[in-house]
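Letters A, B, C and D mark the chains as written, and numbering starts fresh at 1 in each.
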């Protein structure tokens, strides 16, 4: 008789059947990967970053391979929040998984407006992207200072009728200060990390590989930085933390849970292994069985540091 | 589909070009000319991302398909080290291939460098009685697959940049001359952007439709991450399409060459 | 007849026969690697980080392997500046290579004092370490704000009789602002990046791998972040920039030169390949021969970004 | 020295223990018992750092040396996949080995788990007429190299944690009993910290000197990076020594076990 283990986590009014969420921008709106596995197995899906109006994004090349990671400079290409609500929500809703709408804007008003619109749609939570390094206006420029974070989150919180997750950029001197600002301004949770600003050069052509020159670094290479930030933030804040950055399997995910994350997101790893998301769920279960853990919640913040 | 398949054989065609035959019931039965596979080259993170490689030839009966690749960097280097019998991790068939219209009587494929590889299966699958192949290489030593292209075309023209074999110059020179004499129903391009752009312009003057296969750096390879953007016409405006899902093959008139 | 190429670079009054320097903390005082190759081939050696008094450093484990990188938490173990001057300088001076003394302190006074002492010793330059993430006081806490950098560098510059290189931490929101502060305060050059603050966890034992919990990330994993910062900084400042972070071979080094670095440092790569330093020199030469570059100075800042 | 050497053979000793014989004129002629090599396991960055592995046995005549290793993580896994004839990238011999005093008449080696491997060469090199080997394993299935240790010792005692083979319990139990009967001139330890600490305490009561081989995570492996610190006595104070250069073998009285 195999032991019964609990994989469900709840936080900020969101109930997930397991703590593994597809990271925004790496999973589209779920359509493509639904041909590879049952996306209803996921705890949730953070959809491609949305803006009020459709966006074309940055010119290609938009990706560069780096040691154990990638740089991307997609620049928030998306069909706009209205097309998302009309065309994509009905598709994802066919699966039993939480829908997290990742939202960006150039101005505080944009953030406010998109939150209002999303609040009236059939989603489970809003993830406010204050951390995209690949667009000129808004986004990371708000997320880089406690004041910027406070300003946006306070305004958004007033109109939000869904749980509000604030996604943080790692490109800051003091991630704790930023997370506390989000908490103080009313965030129901924080998610981190978005990508680290980086660059790749082709020595042969003497040109940057990305048309946008710089891009956001993700994948296993950033895991140590992500783990450290998740650890620091979850010790400092009272709201739940969603951890991500380089998670490729169950063991990586367990490390983030131990560091204090209540749930995790998996992104880049899926480009290499399209089953990375489900294998991460299976891997956490396998770890729990091997180590006699009955409830995934026991792992959260379970790091021993005496 | 992501599959762990067996390598039937791997053959060195010249100093840095390899042909790999992969056994795959799924891919050989589902793939069409112009589609590609996305390959994990070696375990671990040495070549972190998958590498997109065109399907060059399909043997539906023996349930194998061939890829032909140039060793460029880390990934293709690792790929060249595989042995027959080894397992390989492939996603595919991916993307949209070339359109084959059985009513067409006269077609041409025009390719340069690594762009020639996806064109072979077009010739193999196309029922047209007149099939011209125009292939370009840098130099004589790099000419590969000549016999195969000969076998499946009714006429094969080769150009080399340095004139060491065939016509000295570009495939577009040969194409320009050819279209004066012959009326193609459709031309299929694959190769460097400049070559395709020039070729498409030549055909435009003669009102000959064409398709082009486009290259772009990829992440997911299936349309989820949006990194493989290429500019396409959309009414009077333009938008980014995605090479891995909307392509790699596009109608020539849809592509905006920069 | 092989073409003659120039590998020498000069900056801030320092002349290097080639732009490759061993990075501080990875090369000790040169003794160990001198048994592997002629360390006189190096452009220079940045010695292990020095403090006024000897330091024991942090408890072990002090290293963790991460994807394409390592975390270290040595914590500035060193014999103190006096032992360095007495025991180590005479050894290194036997080789024809520049000696760069990497110096740290807990207080501004420490920095001032160690600079005075080093100024009277037989070294070629001082590299002020305002960026070590592995000690509790001083160091990175000075390097994280423009004010901190300004305070230390201004004081130190007054007593420095050797070229002054200021080494920057990448753990900041705006590296350009920090570099400008160093320049304004009188730095003759800046070097970057020191390590990114990170963490590794052993899921099995549920403990951090490093006794110090967090450590500094280096190696190929950080190269994209380092390249980006070197590019940003060298566009913004007038003083020369020394680039480092994940350089493993000549091609990597050329990328940093193109991004704007006048010289480069190589560290972590040497743990894997003890000849990484000399192979980087050879690799730059090979690149120059292949690409028809006669003078390495032509590469500096040669990135094409139209 | 960093060397690219040839693997003579690799043998699986049990489910996760492998013996690898490496051909190396340099290392076989220069190495002494207790030294180690630092191995790059596989090309590229999958296992980024080198892995320190003790030299288990040296065949100076045939110019080979053996390492024996347990598969623990990525690096040792990659190591286990090498084949005879493959090339391998090793740095070595590194560190300070055991002191062998030819005037000693009676010695013992005491090892547990992967700690037994460096002790074999001590027995092989030591001229003492009385050589006791006390080896500990978790369970019977993990007992390895019994024949070799038998061959080079005058008495071999084995303990298993679960009693499935030899004495049930710890090597320190066997050692305690043994020292009551026999006066060793020197004892050599290698194994888990707790085992060595206990063993050293036992010997202290009998005034028997000993040496211990210590493990620590490493970077450079040659003393340049200072990461492999271990606490050692320095007068009335303490300081960090470095396992790769000052060790891995230390006089027992110099080590501060935490």
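Convention: contacts are C-beta pairs under 8 Å (C-beta built on N, C-alpha and C of every residue); 3 or more make two chains touch, one makes a residue touch a chain.
Keep in mind the model is a prediction, meaning the values are calculated, not measured.
Chains in contact with chain A and with chain C: which ones?
Common contact partners of chain A and chain C, which must touch each of the two, are absent.
Quick one: which chain's Cα centre is the longest way from chain C's?
Result for the farthest chain: B.
In whole angstrom, what separates the CA-based centres of chain A and chain D?
46
Rounded to a whole Å, what is the gap between the Cα centroids of chain C and chain D?
Here chain C and chain D have centroids separated by 36 Å.
Name the residues of chain A that each touch 2 or more other chains.
64, 66-69, 219-220
Could you tell me which residues belong to chain D and also touch two or more other chains?
Residues 45 of chain D touch two or more partner chains.
Examine which chains touch each other and state the graph shape they make (line, ring, star, complete, other).
Drawn as a graph, the chains make one closed cycle, so a ring.
Per the touch rule above, enumerate the chain pairs that touch, sorted by label.
So, checking each combination of chains, I get A-B, A-C, B-D, C-D as the touching pairs.
Under the stated contact criterion, what part of chain B meets chain D in this complex?
Residues 42-46 of chain B touch chain D in their complex.
Tell me, which parts of chain A touch chain C in their complex?
Within the complex, chain A touches chain C at residues 64, 66-69, 71, 144-145, 171-174, 196-201, 203-208, 213-214, 217, 219-225, 227-228, 231, 246, 251, 254-255, 258-259, 287, 291, 302-305.
Sort out for me which residues of chain A touch chain B in the complex.
Spelled out, the residues of chain A in touch with chain B are 25-28, 31-33, 35-36, 48, 56-57, 59-70, 72, 74, 77, 209, 219-220, 268, 270-275.
Okay, in this complex, where on chain D does chain C touch?
Its residues touching chain C are 1-2, 40, 45, 47-50, 91, 216-230, 239-240, 245.
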